[in-house]
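This is the structure I want to talk about, given as structure tokens.
Per-chain residue numbering starts at 1, and chain names A, B and C are given in the order in which the chains are listed.
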């Protein structure tokens, strides 16, 4: 490892733009290698500038599926020891391993290390892991936790997305759900932690866009106990999603619909035309979580294991970033991508569609796909007390 | 009065008799006895220029523009410390031994922090929005909000508990409290009509509710102040209720409407006999502590069956953030913070000019404090205190207010020229007067329309600015201090505002 | 004298991976310079800017999915895509004809100054945004399927037609890039009116016309757009466009006229005249 600067410390002024996103979910729960997702993202090379790429993969560790996998990138062994010591205060480390990487793809890279842990201290284990991740990322010198969910991990770094895939040998890894991101930032290189997906617990977000409501969202999140310190606006999306799903106690069957409605609520003029019950729901959701609305251009893919493995494609209300959804002809695979051609590259005959602006596409194993062509709560048995 | 008591006039009124057409309108319009019409000579005469307050009524109504009003050309010897303003003040108090009473907001030149702030716009990385053609939403809800909703799944159905009542505002702008009596019947009615048509609110002050105004109750914030005038179950049936602790122009100070101003109209509205003093004590004598405030809020909630948002209005004072926090804990649904520049019908000048803190600092501080305590989401924050233009409104929203509140701007829309004579009740424009005849100088339809225009144009300005920032709903802008930059001289100020200095690079990028 | 049309085929995926767009476009420009008038591009997978800025009257036939900005700034090419096109199809198009046997997403024909765009399938947001016309140059966009929000936004001239047809069942072999012969005219179906257009249709339109085959609810109209009567004159204006569409995509002309069109026009050419005031203050 040649190290000229820190991989884990954010540079002072990142500032980025358009990116490519791609994702696929095997609707039968079968695991597939990372070759397809790599090809999908690699085709959209024009959307990146070689300064960041990454992947999230689910279903990786059947042996440790009950443990949190703390996947870290580390500047040096000293950082690893600091992380380990810190983890021991709050968790049992059942196993740890160095993530094997190809050394001939990327010139400068950090060490990637993962720890499988059980939380031992008192409190909600998810919250503790969330706090552990935040602490590592903001306070442990030379270390950055890139994911901390169960049975999933994020692989990311500075480089072209295809190179990052090679580097982490994703062709040898199998997962039932994949998302990918290729980045076009204009910041200084060397900031591996800033690549995408951005992950907290079992959620991973890949994002093409810019959140103009960042200031408002970050303030709201501060109220809810999330500090935004990682200098990427994707962070607010991940935390908002985490709060609305995991912390909200909203019914599991509609929790993703509600979360998406908060991020891109219907316009008031559309709410005004809704049937009375839906109108009350939409109004209550919008005004209660008004500061969680994500404004500005975005297309995102959220992959999550809460409450069950689900992939969501979502966009801003004005549809200022591209997003195409598709299902393979045999209905075994669900795709999302910035560009249709990348789906066609790996599947010749998919049924594809463009989701409506601000309406989420939601796919999870064993459920009919919500196609993003109407309000997510429309047609559901809802009532008011 | 001895000759030495004389103070030189402030303004000199001149009528150019060459262009004057002798119509006499100037004399009829002047309510300060400056101009008289000399019938024998058939011409207007300036009889007492010393009474002139530069309200421009005569000049505006002169069909030939023959009237000029200038600063009186007898100068005070220049002095950097002893300004004419100070010298006049000393003289008046030496003459009368009295407290100087004044109207509207402070006329002292304090630095205005609004003028040290600039906002952001989109370039390249995010597209700006064309607000004329694509939706930009300004709808705002006043009232308490929960941290999260209560939703359950019961037998395959999803059930939502209804949330607290919230009052819908079409735009985040309201007219702050001004009572009938301090404002003429027509002025008051025009403001009610305007907010009704715009879909927003007007605070009717400590003045009770005139029977004629009952149809506007859904646009009224009814005030519960220390005098409790006209407070009855019917009065409480309003869009929102506001407990007035203080107002920005005179924090800690009550008010008194002298008996001679309690006319038939005021008597009907406040529910007191004609000719009696209408006194609003300094404190509310059932609120000596935060627990007492909680009690009063609860009483109002009970009395209105929890259907009407109940808020508290406080003046921006040093400890405003902690006080606001106490108010949230006391279960208020909204908080109105009134900055030290706010206007008034009458206040001691020494209080008006020196008490409290600017609204910009107060709101930023309240917003941050409530956020840190995790309770900001619960309440609607209303901010007032001389919002002079749409840009002040926009900046106060970014600093953390949900809603901006205007008073003086609304009066200016109806003809006010900011001569600060509200306290005299002589307002030549028929606005700040209890005189039923002068009060009719306001044409109701005209004034209503002017106010509606003001609301609409400020809302359009807000739309445009949100659009250039790439934001399509105002709730994504409230408290978005990230989009403001500071260009003033004082870094401490920027720090309290939590606004970066202009030129600071953005630390958070998009993807 | 008849000259034989000179054809050339370019494989956009020669080595098992799609060619970089720069290389592909270089080959295209070279072929045109070499006098070829009919270029066939095989295995296209999202390469961008095909036909960018070209003003020679050549035909470019694309098998696969065209990348974004197909035909950008071009003036007189014919591009035929047997597949889909990414967004920004015909961006600032000046003349020519762009034909897509598939879908084409957002911002098609942005700022177009002339030319015609025919898309068999569906469109995304902001179709025909700020198209304009000048003298005899009147851009036309026809979508066979549906479009989303902000269709015809700020439109200043030209014509947008949305037909609401579903070709889903009419295409037998989905593995193969779609050509005219693959479309079964008897299996083209109508899409229900509610799905043909979405909100903010023609927001801020101040010139040109939009024809929607089906009813348009008032709440779908954007600011300063109004519905106008569809007259015999409109039918005559539309007829040649419809005929061309039917010819391209093998649709019976009768089918098109079975449903009523809704015509959308601007309130005025200066809809926002009262928004600003110029009085010195």
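One rule holds for everything that comes next: contacts are C-beta pairs under 8 Å (C-beta built on N, C-alpha and C of every residue); 3 or more make two chains touch, one makes a residue touch a chain.
Quantities reported herein were computed from a predicted structural model and do not represent experimental measurements.
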Practice problem: Give the label of the chain whose average Cα location is farthest from that of chain A. | Solution: B
Quiz item: So which has more C-beta pairs touching, B-C or A-C?
Solution: A-C
Exercise. Determine the centre-to-centre distance between chain A and chain B, using the mean Cα coordinates as centres, and give it in whole Å.
Key: 46
Quiz item: Whole-Å distance, chain A centre to chain C centre, using C-alpha means?
Solution: 35
Self-check item: Mean-CA-position distance for chain C and chain B (Å)
Solution: 54
Quiz item: What parts of chain A, by residue number, touch at least two of the other chains?
Solution: 267, 269, 318
Quiz prompt | Where chain B touches two or more other chains at once, by residue number | solution = 134-135
Quiz item: In chain C, which residues are in touch with two or more of the other chains?
Solution: none
Quiz item: Hey, which residues of chain B end up touching chain C in the complex?
Solution: 130, 132-135, 460
Quiz item: Which bits of chain A are touching chain C when the two form their complex?
Solution: 43-44, 46, 267, 269-270, 273, 318-319, 322, 324, 329, 339-342, 344-345, 348-349, 352-354, 356-357
Quiz item: For chain B, which residues count as touching chain A in their complex?
Solution: 122, 124-127, 129, 134-135, 137, 139, 141, 145-149, 151-153, 156-163, 166, 367, 371-372, 374-377, 469-473, 475-483, 505-511
Quiz prompt | Residues on chain C engaged by chain B in the complex (per definition of touch) | solution = 150, 153-154, 200, 203-204, 222-223, 272, 275
Quiz item: Any idea which chain C residues touch chain A in the complex?
Solution: 18, 21, 45-46, 48, 64-65, 67-68, 83-84, 86-87, 103, 105-106, 122, 124-125, 148-149, 174-175, 198-199, 219
